[in-house]
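Please read the structure below before turning to the comments.
Per-chain residue numbering starts at 1, and chain names A, B and C are given in the order in which the chains are listed.
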Amino acid sequence: MNGVVSDKFSVSPMHLLFVMYVSLVSSGTMSFQHDIAFSAGHDAWISVIIATLYIALLVWMMFFILNRQKQEQAYLVSINNRYFGKTLGTAVNLILILYLVIGSFVAFRNYLQIIHVWVFPHSTTWPIGLFILLIVYYAISGGFQSVTGLCLWGTISIFIFIIPQLITVATRLHLDNILPVFNHPIAEIATSSKQMTHEFTRCEILLIAYPFIREQKKAKRWAYWAVLVCGLLYLLLSMYAIVYFSQGQLEQISWPTLSLFSTLDYPLMQRMETLLITIWIVKILAIISLGLWAACHSMKLTTKTKQRTSLKIFMGVIVILLYFTKNEEQAQMVTNLYSSVGEYVLFLYIPLLFAISLFMKKRLKEE
Amino acid sequence: MGCRVNYKVPLLISALSLLLASCGNEQVIDQIELVQTAGYDMDDQKVLTSILIGDYSEKEKTRVKLLTTTSNNSYDMIPLLNFKTNNPIEYGQMRMMVFGEDYAQRNIGPILKFLGQDVSISGNLQLAVANNKAAELLAATIPAHDPLFLMDMILQNSDKANLPHSDLQSILYNFYDEGRDVFLPHLSLDKDKNALSDGIVLFKDGSGGKLVQHKGNKEALWLKMLLENGKNGTLELPMEDVNNKREPFAFMQIVTSKASFKNKTTMIGTQPSYAVDVKLTAKVVLKGIPDQNSGADGTLLQTKLEKYISDELEQFIRFCCKAGIDPVGFGSFFRGKVRGWSASEFYAAYPSMKSNVTANVQILKSGTQK
Amino acid sequence: MQSSQHELTTIDEFLAACRQSSDFITIDLSFMLTAPTTFKLSYYKTLVDKAKLSHIIKSLQEVEPSASLTRIEELVAHIPIDGIQLTDEVETIQSGVLKGFLLVHNDKELHLNALVPLISKNGLRTSNETEEEFSVVGPKVGFVEDVDYNLQLVRLQLNSPDLIIKEITVGTLSKTRVSLLYLKEAANQENVAKIEKRIKSLNFDVIFDTTQLDQLIADNSFTPFPLFITTERRDRVVYSLILGQVAVVCDGSPYFITGPSNLFDFFVSPEDYYTPWLLGSFFRAIRIFGVVFSMLASAMYVAIITFHYDIIPKELLGRLVYSRQSVPFPPLVEALFLEITVEFLREAGARLPSRIGQTLGIVGGIILGQAAVEASLTSNVLIIIVSLSALASFVTPIYKMSNAIRFLRFPIIFLAAIWGSLGIALGVTIIIIHLSQLRSLGYPYTVPFFPLRTKDLKDSLVRSSYSKINSRPSFLKPATTIRYVPKKAKVKRDFDEE
């Protein structure tokens, strides 16, 4: 009952696990092994651990920042307004909102790319894209609880599916590939870790969703659990990619997670990657919805725009972006832009907030 | 909540109907021709592609159609073959690909890269090299009424006989791994024009997938024992027989086998001198041996057998070293053990790699013998 | 309450209105009795129990001529029936007479009248075996179309003063008695108040059945999913009451609705609790699998045949291609054709008497199916899939849920025909989003999964043993949580030791 939002719209602390999980395990899950293996080779899994530890640190910082606020002001928009002043704060907020929208677009566009390459190579993907957006609108119109529900099912469905598959694949691994450990210089592992943090660029959603969590004291634990689960999932997937493919092969494959499952053969089904793409759609919808919900909610707090209106505007932005990113290179450009902004958010913005709140700690008690 | 949803319903329905009209990626299963086995041959500098299509119009009997076409490259078989069929050809169900000997003599690297990048092609695709022309081999399987006859044959031989397992995924793994070379199963025709699996073909990746040598079923078994915890391999065991009372060969069946490698590399200055200990443990069943496997004779037989197997393995490894090919993956083994390993250095030293094979064989009793 | 009838203010007006019907009868007792009296009896002869009436008249005739019957109390004392009300309120008299009460009145003393309950139960079925929710194990006690009898059945099993029944009258024309039941020690008072408020604020003319009430008080009418459990089984109602839910029944309906319900309640059969928990869990899991299968099987067929030929394993390929070989329609049309045929069969079977229904099933199922395959209108693989999924849709213990599932099949088949497996996934996602937005009496519909309540999972997908499920589901926010104290867990003993 001690949340700022009424019980009717908030969720119990355990659900932070799913919200955080969805914001951390993003659309890159299908392809990140390819990216991180470029610099760190078979030591790429070390960079996954490093990146996860950094994210755990960030989550700790975010909770620190939130705890420094008055309870009813513990959310991103008000923090920005308080720390940077009204004008600059609003500017920062607007940039972050745009960043969230672009983040949703990147997840959306990457998934359409996967569909285009793996499922419907001969037809256009915009109709299914529009339909996905309609569903996203429906999900967000149900409010935060509905988005959380989607996050929960997105999390559960993937776990139920992916774990048995990984066990089945386990007979085909070349465990030698991991050896020798630490065969790459620190610089290469660092580059790869930085690459890995691109998967975590949505973690600031915690700051936005926080007021919607009931019994916030208990919530911290679940956020760390989410980081742990994501870290383990990424670690497992990267390890699998390293020991399942040879190094040269990994550099050739764009979506290692999907290729992992393409040799599986069951009595009723083969080509499990199709099924994985299918089930993955729930997760993608959750990512897009969560990002857009966060954007709409922040927009409302910043400019008092109705969420319904801003959601329509953001959908329009996504459709326009979709129209302008016709080929893969343009889509890649947007993704790269998003990732580089994401680096600023992860390495500059959140630590900066943390630093400010370290110095402003007294103010809370004076007020 | 109800009212909020209401106006969305017509929107949804109109969107649906619009999209129903706009979709066009159908591949209805009975309106396509499914390539299940394909073959590539060289034919006067052109590529001769032959495919087997399963025709399931009769209930119990599958008819197999063979189509061939020639082209200047290996990649446009589908459009060219489409000229010859009433339904579009799709290759998502292709599970077997055979290279003719002359095609495989040319480098197989480009086609492997092509196969690896096409998402329609399953990682379970079996590849093989034909003794002569792939088209002939495909034609020979038509009477079997199974467009995947060759695939089943290879799988059966990998599971129950001497062939090491291989599929597109593992072949690509070997191909792209700098410490390993590709091997493919070898198929040929016997004198009655029946397809026959006989051994393996070894390639060298370094030069883009160059065919090096064909090896028989015996070598296939040695490779299998070194690569996987093999089961079900069989072998003819030469028996020295002073009295000439029996057939000169006994029959050995491997029940289980396990090979373990130990790194014995020593550094001479900065230059490592590569050496490996291979230890093979196996359980075998022997047939065609007189009642001598008791007491001292038993141990004698066992020692002989161990020596035979270790000698043969040693010989196989020596052959690979001399030819500079590495189907066993010694390169990737040393990469994991020796820091600062590099492919070029290793393969320069590879012919002089030292190996020491010890076999540890246990003879199991079979049948009702006492 | 607004009403189309004009208010009748006096008894005379009311009686005059009644006399327009030919079945309204007034007997003047002064001609029939030996004792002097001025009273009259008025009643609808179609509503009262004639045997009781003649019994009353007979016993009044036996009264000594010397006795005084001039006051209503004196007369009533001679009527051998319980529950006689003395009243002068026109409204009470009106609704009483219209329900089958006998009105005792005289022309002089208008201010005091007696209502004698003589309600005839003729026309109600006497058998109360469960018909729709049949079970092999366990009691077969069901409800009938009489509210008093139904309430009696519930009270007999819940032998506690904690069982509270509140009666509300609903319906401007029907004046239906609606009873609200809850267990005081279990139910959350907020839920009781909420449902009572919703029923009281209803404005409706005739309530035929509790299922109508269900829709009228539901949180959201734009959904195929039932938001309250509808049941005719006594054990199910009692079990819901124990868990802390509220039950509602209206007169004239053999169904109770219980709520707040969640999705998984609809897959629970009372039989789960009569069989050992291992078997109970297994059958419950089978039921849920059946529902998922029923919803997706035909759509999967359409998706695979239309788009994903490459995921068919090679062993099945030949069969599928052969069975589709000479079918002239696209898979979507083929599937819709068969699905609609099955719906016809079901609908026709439901409207016909059971014997004809059986014949119809055989004709439809076997002959039609056979002929359709012979004529190459459909593939026989699809016939198998469609009939399996029709079968599977009936495994849900609650009929309304199986309706919802059968309905949802169609949009998913359409989506499968557009985008293959992706379409199916999108359809399922829409359903998931819809489900997580649904509320039953303000409670989330998909608890205990979303919002996740780990404590309540032990009686959702599986049914744990009685020692584990001794508490009421926490998502109902019950008044007290513990139902009973289970036996202490056994200490782990070594083999062959006590």
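Keep this in mind: contacts are C-beta pairs under 8 Å (C-beta built on N, C-alpha and C of every residue); 3 or more make two chains touch, one makes a residue touch a chain.
Here the structure is a predicted model, which means the values were calculated and not measured.
Novice: Report the chain ID whose CA centroid sits closest to the centroid of the full protein CA set.
Specialist: A
Novice: Starting from the Cα centroid of subunit A, hunt down the chain whose centroid lies farthest away.
Specialist: Checked the centroid distances; the maximum from subunit A is C.
Novice: Can you check how far apart subunit B and subunit C are, centre to centre, with Cα atoms defining each centre and the answer in Å?
Specialist: Centre separation, subunit B to subunit C: 64 Å.
Novice: Between subunit A and subunit C, tell me the centre distance in angstrom, where each centre is the average of that chain's C-alpha atoms.
Specialist: 45
Novice: Would you kindly tell me how far, in whole Å, the mean C-alpha position of subunit B lies from that of subunit A?
Specialist: The mean C-alpha positions of subunit A and subunit B differ by 41 Å.
Novice: At which residue positions does subunit C touch at least two other chains?
Specialist: Residue numbers touching two or more other chains: 307, 310, 312, 419, 437.
Novice: Pull out every residue in subunit A that's touching 2 or more other chains.
Specialist: 120, 128, 131, 138, 265, 270-271
Novice: Counting only residues that touch at least two other chains, what does the list for subunit B look like?
Specialist: Within subunit B, the residues that touch at least two other chains are 5, 19, 23, 25, 92, 120, 122.
Novice: Mind pulling up the subunit C residues that touch subunit B in the complex?
Specialist: Residue list for subunit C touching subunit B: 219-222, 304-307, 309-310, 312, 314, 317-318, 320-322, 324-325, 327, 330-331, 414, 417-419, 437, 439.
Novice: Quick check on the complex: what are the subunit B residues that touch subunit C?
Specialist: Going through subunit B, the ones touching subunit C are 1-2, 5-6, 16, 19-20, 23, 25-30, 32, 34, 36, 54, 56-59, 62, 90, 92-93, 95, 120, 122, 148.
Novice: Mind listing the subunit B positions that touch subunit A in their complex?
Specialist: Interface residues on subunit B, with respect to subunit A: 4-5, 8, 11-12, 15, 18-19, 22-25, 92, 113, 116-117, 119-120, 122-124, 167, 169-170, 172-178, 180, 332-333, 335-339.
Novice: Along subunit A, where are the residues that touch subunit B in the complex?
Specialist: These residues of subunit A touch subunit B: 117-118, 120-124, 127-128, 130-131, 134, 138, 141, 172, 174, 176-180, 183, 245-249, 251-253, 259, 262-263, 265, 270-271.
Novice: Mind listing the subunit C positions that touch subunit A in their complex?
Specialist: 307-308, 310-313, 315-316, 419-422, 424-426, 428-430, 432-437, 444, 446, 449-452, 454
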